[in-house]
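You will see two complexes here that share chain A, one where it goes with chain B and one where it goes with chain C.
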Partner chain A sequence: MEVPILRQGQFLIASIQSALTDADLSHLREALIAQVGRSRCRGVIVDVTALDVMDSFAVRTLRDIAHMARLRGAETVIVGIQPDVAFAMVQLGLTLKGVATVLDLEEGLAFLNRRTEERTFEAKPKKPSGRG
Partner chain B sequence: MDTKKSMSVSTRASEAPALSESSAGLLRELVAHLRQNRTQLREEWARRITRAELLTAMTEEEIFAEATAVYDNYVEALETGTFEALQAYSRRLSERIIPRGVETDEVVGIVLLLRDVLARSLFNKYQDNVEKLNRILDSYEPAANRIANTVAVGFVEERERIIRQQQEAIRELSTPVLQVRERLLILPIIGVIDPQRARQLTEQLLRAIRANRAKVVVIDVTGVAAMDSGVANHLVQTVEASRLLGATVIVTGLSPEIAQTLVTIGVDLSEMATVGDLQGGIEEAERLLADRAAPTTQVREIAPESTR
Partner chain C sequence: MGEELRLPITADVDVVEARQQGRALAAVAGFSSGEQTVIAAAISEIARNILMYAKKGEITLSLVQNGDRQGVAIVAVDQGPGIPDIERAMQYGYSTSHGVGAGLPGAKRLMDEFEVDSVVGRGTTVTMTKWRRAI
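On to the complex of A and B.
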């Protein structure tokens, strides 16, 4: 089951539509990381709204994607974790530490917009604050 | 083909009752007797109920109406040997009478009274033929006892169901998730937190975060008297789960005693944002919300200035 990776401006959106096998997940990870560099994107959104189960491998893969994408210059945000899934995850101790998570795709886009704008702003010489 | 079929049916029919043919016949006779004397026995039963001061919460007309229904169901259960209809009826009856304060002993009492009334009428009918009376009672008593059992169990089950329902309702009432303003929720916790309540609390909060698209949640534990490591860990889990849904949690109102115990038993709450009181928590939350909303607008405001 191939996960479609869509490009939206500076961001890549991977929308998982059904339960994935471990091999599918690894494939998704490789495809995403490769695409991040190829398209010079600034952010990655992984939408897991359709998943009602998440095992340790899936969580680890999501975490790996986030860390790997960061090394390649893109922020990652996981969107759409269901309440029941979130509860099950914390009970199993799978908490996605260090990975940004938000409610849904809309929030995810807003989050990445904010992040990338912050970064471009930071990268510029801090004239306004230097004057004040 | 047809004859074969009918033959097999007839053999099956004659096979089964071979052992209990006489008792089935007796039961039929018994049922016919109860049907014949329906009016009289029913009245007698209702009289006995009133005399024994059972079902005082109900009027005499009501007692008589219910008595009629119970009587018919009773006879039917005797006749068919199936208890589903009676079970369903006793559940409905319990639903009607429990809210009016009818007690378990009253329900058991009236069913036993009916058994006695019917047994007495059987005595009267067969008193000349003791041997037949014995056989009639042999087939009547087990069925009657089972009926009494069914009704009593149905009543008790219904009561337990109501109690469970009420417990659930109380629990849900005890954890209100309130929206203070757009994207900000408050969850005041009052009283004791046991694992079950903690679980329910978390589930409710997560659902509310999703429904209200909350960004910040303030959990106020001013009303929690004591906290052990189990409860503290539940709290940490709640915070983590909320983060997975994209909401930040601020915990407020940790009392001096709780702060001391938590540090003493070594629960690590460093990951958790804590603020002294609810007011401070809401202020902090509003700051967070402003921060989150601001950057895009701020940057746009400042950016042209810097190019100027």
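On to the complex of A and C.
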């Protein structure tokens, strides 16, 4: 089951449509990281609304995606973790430490817009000095 | 109860199938959707362990009853290399396969009863049960 990756402006959106096997998840990781470079995007949204379960492998793969994308200059945000899935993750002792998570796709886009604006701002040189 | 499902685990699609069947059975037993997900996650962890360490095996799902309590029992059997140090394998975060080390200890956290029986060179059997909370 291949996960479609759409491009929306500066961002990539991977929208998971059904339960994924470990191989599907690994494939998604490779595809996203490759595409971050190809499309020179600044942000990645992984929509997990349709995931039935987030077990240790899924959580690790999502964490890897976020960390690898960051190394390639893109911010990642995970959206759509369902209440039952969150419940099971907590019971299992799994966290997504260091990975941004927001409620849904809309929040995800808003988050990335904010983050990429901040980064652009940070990248600008500080106030011109030594004049006058 | 008679309801027993035997599922071969030989590829990663079988892991998904096993946890989905487990969820369906948990729904039949009357578990809440949160607990169905918990049971599915536990099945996912032990089914992956079969693939990772033994390459193949089998998971049996069944409905169980104790007095007026209903539950789901899961038995995972493989003829793999076995676990040399079960105590260590049950430590959260310990892994011999570059995993996150949440497989066995993770599944144990999720279930009410959990037992590992393993003989090196012969294989491993994991038996676990989740009971429905009285309302």
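One rule holds in what follows: the second predicted complex is superposed on the first by the 127 of 132 C-alpha atoms of A that agree within 3 Å, B and C clash if a C-alpha of one lies under 4 Å from a C-alpha of the other, contacts with A are read in each partner's own complex, and residues count from 1 in each chain.
Following the convention adopted for this analysis, contacts are C-beta pairs under 8 Å (C-beta built on N, C-alpha and C of every residue); 3 or more make two chains touch, one makes a residue touch a chain.
Predicted, not measured: the structure shown is a model, and the values here were computed from it.
Visitor: If you stack the two complexes on chain A, which partner ends up touching A:Leu96: first (chain B), second (chain C), both, or neither?
Guide: Touch status of A:Leu96: first partner only.
Visitor: Looking at A:Pro83 after the superposition, I want to know if it touches chain B, chain C, both of them or none. Which is it: first, second, both, neither?
Guide: So A:Pro83 meets both chain B and chain C here.
Visitor: Tell me which partner A:Phe57 touches in the superposition: chain B (first), chain C (second), both or neither.
Guide: In the superposition, A:Phe57 touches chain C alone.
Visitor: Just chain B (first), just chain C (second), both, or neither: which does A:Ala23 touch?
Guide: After superposing on A, A:Ala23 lies in contact with chain C but is clear of chain B.
Visitor: Should A:Arg114 be classified as contacting the first partner (chain B), the second (chain C), both, or neither?
Guide: After superposing on A, A:Arg114 lies in contact with chain B but is clear of chain C.
Visitor: Quick check on the output: what are the common chain A residues between the chain B footprint and the chain C footprint?
Guide: Residues 83-85, 87, 89, 91, which sit in both footprints.
Visitor: Please name which positions on chain A make contact with chain C in the complex.
Guide: Against chain C, the touching part of chain A is residues 19-23, 52-57, 59-60, 83-85, 87-89, 91-94.
Visitor: Which residues of chain B touch chain A in the complex?
Guide: Residue list for chain B touching chain A: 202-203, 206-207, 209-210, 213, 237-238, 240-247, 292, 295-296, 299, 302-303, 305-306.
Visitor: Over in the complex, which chain A residues touch chain B? Could you list them?
Guide: Counting only chain A, the residues touching chain B are 78-79, 81, 83-87, 89-91, 95-96, 101-104, 107, 110, 113-114, 117-118, 121, 124, 127-128.
Visitor: Can you list the chain C residues touching chain A in their complex?
Guide: 12-13, 15-16, 19-20, 23, 33-34, 36-38, 40-41, 44-45, 48, 92, 99-100, 102-103, 106, 109-110
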